[in-house]
Structure formats: C-alpha cells, structure tokens
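Below you'll find the structures, each written out as structure tokens.
Each of the next two complexes has chain A plus one other chain: chain B in the first, chain C in the second.
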Partner chain A sequence: MNRLLPIYLVEGKAAVQRQAQYRGAAFISVLGFLIEPIVYLIVWRTVAEQAGDINGYGVDEFTSYYIVWTLVRVFNLALAPGAWDWWVRTGRIANDLLHPVNPYHRQLAGMAGAKVVWITLWIPVAVFLTVLFRPQFSPSLLEGTVFFVTAWAGYVIRFNVLWLLGLVSFWTTRAQALIEVIIAMELLLSGRLVPMAIMPQWVQTVSTWMPFKWTFEFPIEVFIGQLTTAEIWQGLGMQLAWIAITGLGIMAVWRNAIRKFTAVGT
Partner chain B sequence: MSRFAHSARVTLVHWRLGAQYEVQYRMNFVLQVVESAVRLATGIIAIQLVFGFTTRLGGWSEPELYTVLGVHVLLGGLLSTFVLPNMFSFMYEVREGDLDFALIRPVDSQMFISTRQIGFWSLVDVVVGIVVLGWAFADLADTIGPVDLLLFALGLICGALILYSVWMAFTTTSFWLIDTDEMATIITGLYDAGRWPIRIYPLWLQGALTAVVPLGVAITVPAEALTDRLTPGAMITLLVVTVASIAAARAYWLYGVKNYSGASA
Partner chain C sequence: MPSVVVEGLTKTFKVPVREEGFLNSLKSLVNRTYRNVEAVKDMSFTLEPGEVVGFLGPNGAGKTTTLKMLSGLLYPSAGHAQVIGFDPSEREAEFLTKVALIMGNRNSLMWDLPVADSLDVRKAIYSIGDADYRSRRERFTEMLDVGDLLTKPVRNLSLGERMKVEILAALLPAPPVLFLDEPTLGLDLSMQKRIRSFVADYAGEEGATILLTSHYMADVTALCERVIVIHRGAKLFDGDLSELSDRFGALKTITVSVTGSLPDVSGYGAVTERTADKAVLAVPRGEVAGVAARLLAELDVLDLSIEDPPIEDVIESTFASGDDQAAAAARVE
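Let's look at the complex of A and B:
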C-alpha cells in the first residue's frame, strides 16, 4: 500500500491537470451524461403529479433523487468496457504492460483524479437543476460525509465490475452483446432507471445481492435521507464486500487474461 | 448519366459491397439480435413501470407510447445501419489525415463520405422497430386511417433526414475539433430523450429538441400521426425543420471542405 499511494497521488494529479486542460470537452461530457437523469426526472415527476405518492416517492422525492443521481453519476463514471476491445485488438495494451505498475491502479487513480474536474464542472449544472426543479432536501453534515464515502466506494465497485467485464476482450473481441446485458442489468437493478422502491418486491430482493444497487441508489438515498442508521451500516458493509469480491475477481481473471495476450508489431 | 443518377449508382455499389462484407460474419447477426432484444426489453420495462402507476403519461396511453418506442428503435436502426458507420469513418480519417483520398474522388464529397459503409446487421433494429409499431398498431387500428399512415410515412422520412443532417453537421465539426467523442455523448443522450414524447418535457427542453438539436421532433411527430394527435402546425414544423436541417448540414459541410487544408503526409 505504501508503494501504491504515491503512484495513486501522481496519477490522480496528472489526470486533474489533463482534464483541466480540456475543460470545454469535459463540460460537454458532463452535460451529455446528465441528459439521462433529467429525462427520468421529468417522466417520473409527471407520473407522481398524476398518481401521487408511489411507495414513498412523491414529486419532491423523485426530484431530490434524480438531482443527487446526477452527482452520483459523475462519481461513478468508470472506464467503458467497450474500450478494452480496441485496446486489446490493436495491441495498444502492450504499452501499458511495459509499465512497472498494473494498469488497474493507474486507471483507477486516473479516473478518480478526473472526477475532481468533472465534479467542479457539475456544480453549475446542479445549480441550474436546483433553480429549475427546486428539490426539497437538506442533508446534514454527517449525511454529506457518509455520502462522500459511499459515492467513492460506489465508484470503486463500478470501476471493478466494468474492468472485469472489459477483461472478457482478452478471450473474444465480440463482447458487446455481453456488455449490453450487464449494462441493462445495471439499469434495472441499480436504481439508475427508477428508485428500487418502484420495482416489484422480487426485483428489489435480487438487487440487494447484486453489486449495482450499491453504486447508484445507496449513495443517493444516504444523501436524501431515505435510510436509517442501521441501513446505512448494512449498505457500507455490502459496499466493502463487493469491493473485496470484485477486487479478488480481477486478481484471478487478470492473471489468466494476460497469459492469453501476445503482442506483435512496432 | 446525370450527376444524381451517378451518385445513386455509386451509393448502391457501396451498400452492396458493404452488405457482402458484413454477411461473412454471421455470428455478428446473433450478437446483434441479443443486443437489440436487451435494448427493446429495457425500453418496454421502462414503459410498463410507468403504466404500473398511471393510465396516461402527459395524455399518452400505453399503446400510444409504444408507437414512440417503435419509431425510436426504427430510426435508431436506420441511423446505425446507414449513417453512423460512415460518420465514425470520416472522423477517423480527419484525425489520421486520410480524408484527402475521399475528397479527390469524382463524386459529390458529402454523398461519398455519407454512403461508403453500411452496418448491415443493425437492420435488425429496423425490423424490431417495425414489429413494435405493428404491435402498437394492433391496439390503435380503429383510430388510424390511410391519411394518418401517409403522414406517418412522410414523418418517418423527415425524421430519418433530420437524424442524418444532425449527425452530418456534428461530424463536420471534426474539421475543427479533433476529439468529438464528448459531443457524440450529447447527441446520443438527446436522441435517447426522444424515447418519450417531447410534449411531456418543459418548454425549454421541447424548444431545444425542436429547434437546436431537432432529434425529439424527428421521433415524436411521426408517432403523433399514428395516435390521432398530429396537428397541421406540428407537421409544418417538421417539414420546415427537415429542410432547414438538410440545408444547414450541406452549407456547413461545404464550408468545412472549403477551409480544410488536408493533413496527409
């Protein structure tokens, strides 16, 4: 860990500097990622205006949920698994394998550093959404602090899940269908599409035992005060468990994946 | 042979060659079916969730919303089949300095860079879109007349032309901005916003999806023709937006080519 900490700091700092150079592109990127929750927000506000309270979610709760969603989305952005296909197929990964540090650490730190810029660029968007939709929630300092921890933990879980998925590219360059299935599962089981309280009970039960909910809904509900203290502790435990499971998975799969790889060319 | 006939012939040759190339990879068909099925399932689940709690969304019933979903999938399939492969090739060529090879051909440059490739298996999405529309049609048949079908077909053609023009204009930006991935994210996001009728959105977003990046109107207006809510004003707006989009994309392309200095070695 002592050996990795300086590497994480350097990679993170370099990513901040890189992203700060391309502020315009980063802002457009953040805007692009925010269209999805704005659409969900408008759809579900419309439903709640007609149907009233839906399993604990009315107009105010949906508004708060999807506005915090936008921040969580910026937090949990991770390397797209589709990038691996190009990376492996063109042999570009060979460059990264020459480094003395596993690309996992460099990418995890790089994406984390980039978030410092993205979150800064998210602030004007959040102000715009707040003025427009007027969410009704006031998190305490403690909720804000716990949110910060859970959002970062959610990022690590999501990064690990997508990294594992990306490793499939070492065996096949046609992983897109599998990626689509996993992204659809995430959409339905994470609270990304709707809060899990809107889903049927059996879907909620399944989502508890999958990693996705702990990357999206859990941090959001911590921030908007939908959870009891016991539920927060339980969620933190689940996040730790998923970080461990996916981390061990990556260690096991990476060793085998890298043995499959042969690079040729200049 | 007229210039148009010559261009059309070159386009057909490209499409035929592209299709022949792609059908060699039959496994891609299976994978495309899986991808399309997953995307369709999530679209249907989203609609079913909404209608689990209400009977109408902004005045639209469940079968009516399936028309919007059907148009969204169908136009998305046309986009992935005929437009996107060409647009991504073009962006790559500008970056790599290979565009000169396309610009020196004795055909219209915009037509050439727009028709060289075809994502043949993405036609699966076109079929899926038609099936979804057929499914919705079964529930709405009583209210749909021949005029509605004609307006729907016209709306669909306009929608496809708008989609092409928006992507063409966006891609032309590659002449000045090398990294356009971020803008692609916005356009994809706005297209996905069209999965719901734009009339449910606040006025500022309706305006953006009609006048700024007219992807919403390209999807909603054809669906309105099938759901007995198309007004003459909406149809005229669609026609005006279509003509304006094509003209703007063409002018922007010509301006880009005129100012492009080439980058090849």
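Let's look at the complex of A and C:
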C-alpha cells in the first residue's frame, strides 16, 4: 500500500491536469453523460403527473432521484465500452505492461482524478436542473458523507466489473459485444433506467444479488434519504462484498489473461 | 554469470486462416481454420554483463518477438529465458524495474502533459528515491540535451525529440538490462548520432547489458562488437561483427585505378562501378589474391585497394538468398 499511494496520487493529479487542459471538451462530455437521466426525468415526471404515484414514486421522488442520478453517474463512470478493445487490439497496453505496477491501479486512479474535474463541471448543470425542476429533498451532513462513501464504492465496483469484462479482450479482440450485453443488464438491474421499486418483485430480488444496483440506486437512495440505517449498513456490506469479489476475480483472471497477450500492433 | 540466458526460446502464434470471397467468409462463421506461425524457433544465446549486442534480421525475422519475450510482454510457447536471474514470463515487479524495452516510434508518455509530469509519474511507478531521481534526471537531460523540452507537452515534440525524452523516461530507473528496438527509426542523421552516443555513454557508465535491433547499420557498427543474426525466427549467426563478413560476404571489393584509359576489366570480376580510369570489381573471396596479382601484372595500375563490402550489403545478401538450406548450413550454434 505504501508503494501504491504515491502512484494513486500522481496519477490522480495527472488526470486532473489532463482534463483541465481540455475543460471545454470535458464540459461537453459531462453534458453528454447527463442527457440520458434528463430524458428519463422528463418522461417519468410526465407519467407521474398523469398517472399519480407509481410504487411510492411521484413527481417529487422521480425529480430527486434523477437529479442525484446525474451526480452518481459522474461518480461511477468507468472505462467506456470499447476502450479495452482498443487498448489491447492496438497493443497500447504493452506500454503499461512493461511497468512494475498493475495497470489496474493507474487506471483506477486516473479515472478517479478525472472525476474531480467532472464533478466540478457538474455543479452548474445541477444548479440548472434544481432551478428548473425544484427537487424536494434536503440531505443531512451525515447522509451527504455516507453518500460520498457509497458513490466512490459504487465507482470501484463498476470499474472492477468493466475491468473484469475487459480482460476478455485478451482472448478475443472483439469483447465489445459482451460489454454491450452487460451494459444492457445494468440498465435494467441497477436503477439506471428506472428506480427498482418500479420493477416487478422478482427483478428487484435478482438485482439485490447483482453488483449493478450497488453502483447506481444505492448511493442515490442514501442521498435522498429513502433508506433506514439498517438498510444503509446492509448496502455498505454489499458494496464491500462486491469490491472483494470483483477484485479477487481480477486477480485470478489477470495472470492468465496477460499470458494470452499477443502484443499485436506494437 | 550471464545477464541474459536464452535456451530454446520459441513463440508460436495461432492465426486464423481467412480466405477471400463472400462464401468463404460465411463458411468461416461455422468452421474457422487456424494455422500456427512460428515467429521464433528454438532461439538460444547468452549475453554477458555490460555487453552491447546487435540483434539483426529482416522485417518479420522475429527480433521484436524475442525482445518482447525477454522483457515479459509475451509468454513463450517453449524454451525459457533468464534475465538478470529472473524468468521474464513471471513478470515480477523487481524484474520489470530492472529491465527496459524501448521501441522506436512509440509513445509511452502522457500525450497532453509536459514531459516533466510524465517523468514524475515514472518516479512514482518505479519508486525512485528523490536524490536518485534528481541526479539521474539532471544527468540524462544533459546527456540527451533535452533541457528545454521538459516543459513542453509531449504532443508538441518532433519525432526525434519525443524519442529522446522516451529514452530519458525509460532509463530513469537506471535499468541494468536494456532492450532497444529500432531506437533511431525515422530520425535524421544528427538525431541518430545523438541517441547512439547516449546509448554508448549509458552502457559505459552504468555497465548495462544492451540488446539492440536496428535497420541502420551505423547504429550497430558504432555500438556493437558482437551481433546475433536471425532469419525467419531462427538464429543464423552469433559472433563478432567482423566475422560476419568472413562468413556471409562471399565477395570482396577490388577498386583499381590505372594511368591512361581503363581497358575492359570484365574478365577479372563483376564490374559494379566504372569511370574512364577506375573500376570497382566484385570478386569471389577465394580468388581475390589471384585477381589482384593479375591486375597488377597486366595493367598499368596507379592504385589498388581490397575491401570487405559494406556490412549492409553483407546482411542484405545473406537474407536475400532465401536459401533455407544454405542458411541452415551456415547456422552457428
């Protein structure tokens, strides 16, 4: 850990510098990430206005949910689908494999550093959405602090899931199709498309035992105050468990994966 | 104890066979066929500490594949290697700290940030102490003359400038073993010279073991006394550079100048150049003495010199022969 800490710090710092260099592009990227929840927000507000509450979600609840969603989305952004394909297929990964540190750490730190800039750029968007839709929630300092922890934990889980999937690129240089399937599952089982309360009971049960919900819906619910203390502790436990499971998965697959590397394109 | 020991190293790639045409594409959906390509075959050699060895061969000979196996990037299909006491395929962190693979025309630095920031990242990745970092950075910066480049974003550097700072970054951990793959590729002559001289200085000062591939023979002749020549994945020659001409240079060059006008000299050997009073002849190595004696006796010779052909020509003619049997016969174990 003593060896890794300086690497996390320096990579995080470099990522902030990189993003800051292209702040216009970064701002447009953040706006791009936010189109999806804004569409959901408008659709579900309209539905709730016409049909009334759906499983406890009315106009106010949907509004709060999707505005916090925008922040959680910025937090849990990890490798874009296809980045792994590119990284392995073009052989760019060779540069990282020559270093005495697993590239996992450098990328985890790099994306975390970039979030510092993205979150800063998210603030004006959040202000705009708040003025426009007037969400009804006021999180306490404790809820805000716990949210911060759960949002970072959600990032690590999502990063690990995508990293683990990305390792498939060592066996086939066309792993993107598989990643797209997982992203579709995430859409349904994470609370990304709709709050899980809207989904059938069996889907909610399945989602509890999958990693996706703990990267999206759980931090959102913490922030808008929908969970009891016991549920928060349970959720934190699930996040830790998924970090451990995916982390161990990466360690198990990594060693075999790099033996498959053909270094094509280098 | 040798720095690098390579025994029977082999790398086979399984590649899909793709036949042309729409029907064949459809067929490959259900029945894909593969063939094995042996990129490196049964390669064996050793490098002693401090040796700078040229690793020569035409494109696709297996040079880069060998270097990648020795630096832990590729897992060998058979055989094994040991580099400063480590098995490269185990990829231990200490091994990766002590070995550098530098590939020409490649970018491993952070594209958008000043070079100095990339160097700071290297410092953290390789756990280089503050004092070592400062002194090496200062020394290498001076040797490579890149002081004014450190504050420039990498994307603003020319190819040659980028190569120099790539080398600087790769050598910050002061690796005792260095694999250089075409380090001067695409650079102009003065930049090639600068990098060559830096590599020579680094090897001298650090006592580093270096295996170098280059298509520029000037790199090899300036830096290496010993060369290993490979062709189609197999070793053809391992020995002194000077021996290479003896073994593979079937012809020698005789340059003869005469007083007055030069008569027809095609009877003495193959005429490769000719002016009014001077000719350059390519003569079989074993006939050189006899031909030279005849020229001196039969012509009014003003000057006569006998030389080995340029090393580039020797290498080219070796590979151009394409005669595997001859190559196998000439192989040195």
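Just so it is clear, the second predicted complex is superposed on the first by the 262 of 266 C-alpha atoms of A that agree within 3 Å, B and C clash if a C-alpha of one lies under 4 Å from a C-alpha of the other, contacts with A are read in each partner's own complex, and residues count from 1 in each chain.
Here, a contact is a pair of C-beta atoms (placed from the backbone, for glycine too) under 8 Å apart; a residue touches a chain by one contact, two chains touch by 3 or more.
Note that the coordinates shown come from a computational prediction; the quantities given were computed from them, not determined experimentally.
In the superposition on chain A, contact is made by A:Ile258 with chain C only, not with chain B. Contact with chain C, but none with chain B, is seen for A:Pro100 once the two complexes are overlaid on the shared chain. Within the superposed three-chain arrangement, the count of touched residues of chain A is higher for B, of the candidates chain B and chain C.
Once the two complexes are overlaid on the shared chain, A:Ile198 sits against chain B while remaining clear of chain C. Look at A:Arg18: by the touch rule set out above, it reaches chain C but stays clear of chain B. Chain A uses residues 22 to touch chain B in one structure and chain C in the other. Interface residues of chain A, counted against chain B in their complex, comprise 22, 25-26, 28-29, 31-36, 38-39, 42-44, 46-47, 50-51, 54, 132, 174, 176-177, 180-181, 184, 187-188, 193-194, 198-199. Only residues 3, 6-7, 9-11, 14, 17-18, 21-22, 94-95, 97-101, 106, 258-263, 266 of chain A touch chain C when the two sit together in their complex. Contact residues of chain C toward chain A in the complex are 13, 64-65, 68, 71-75, 89, 91, 93-97, 100-101, 103, 106-108, 110, 112-113, 117, 120-121, 123-127.
Across the complex, chain A is touched by residues 27-28, 31-32, 34-35, 38-39, 41-42, 45-46, 49-50, 53-54, 56-58, 179, 181-183, 185-186, 188-190, 192-193, 195-196, 200-202, 205 of chain B.
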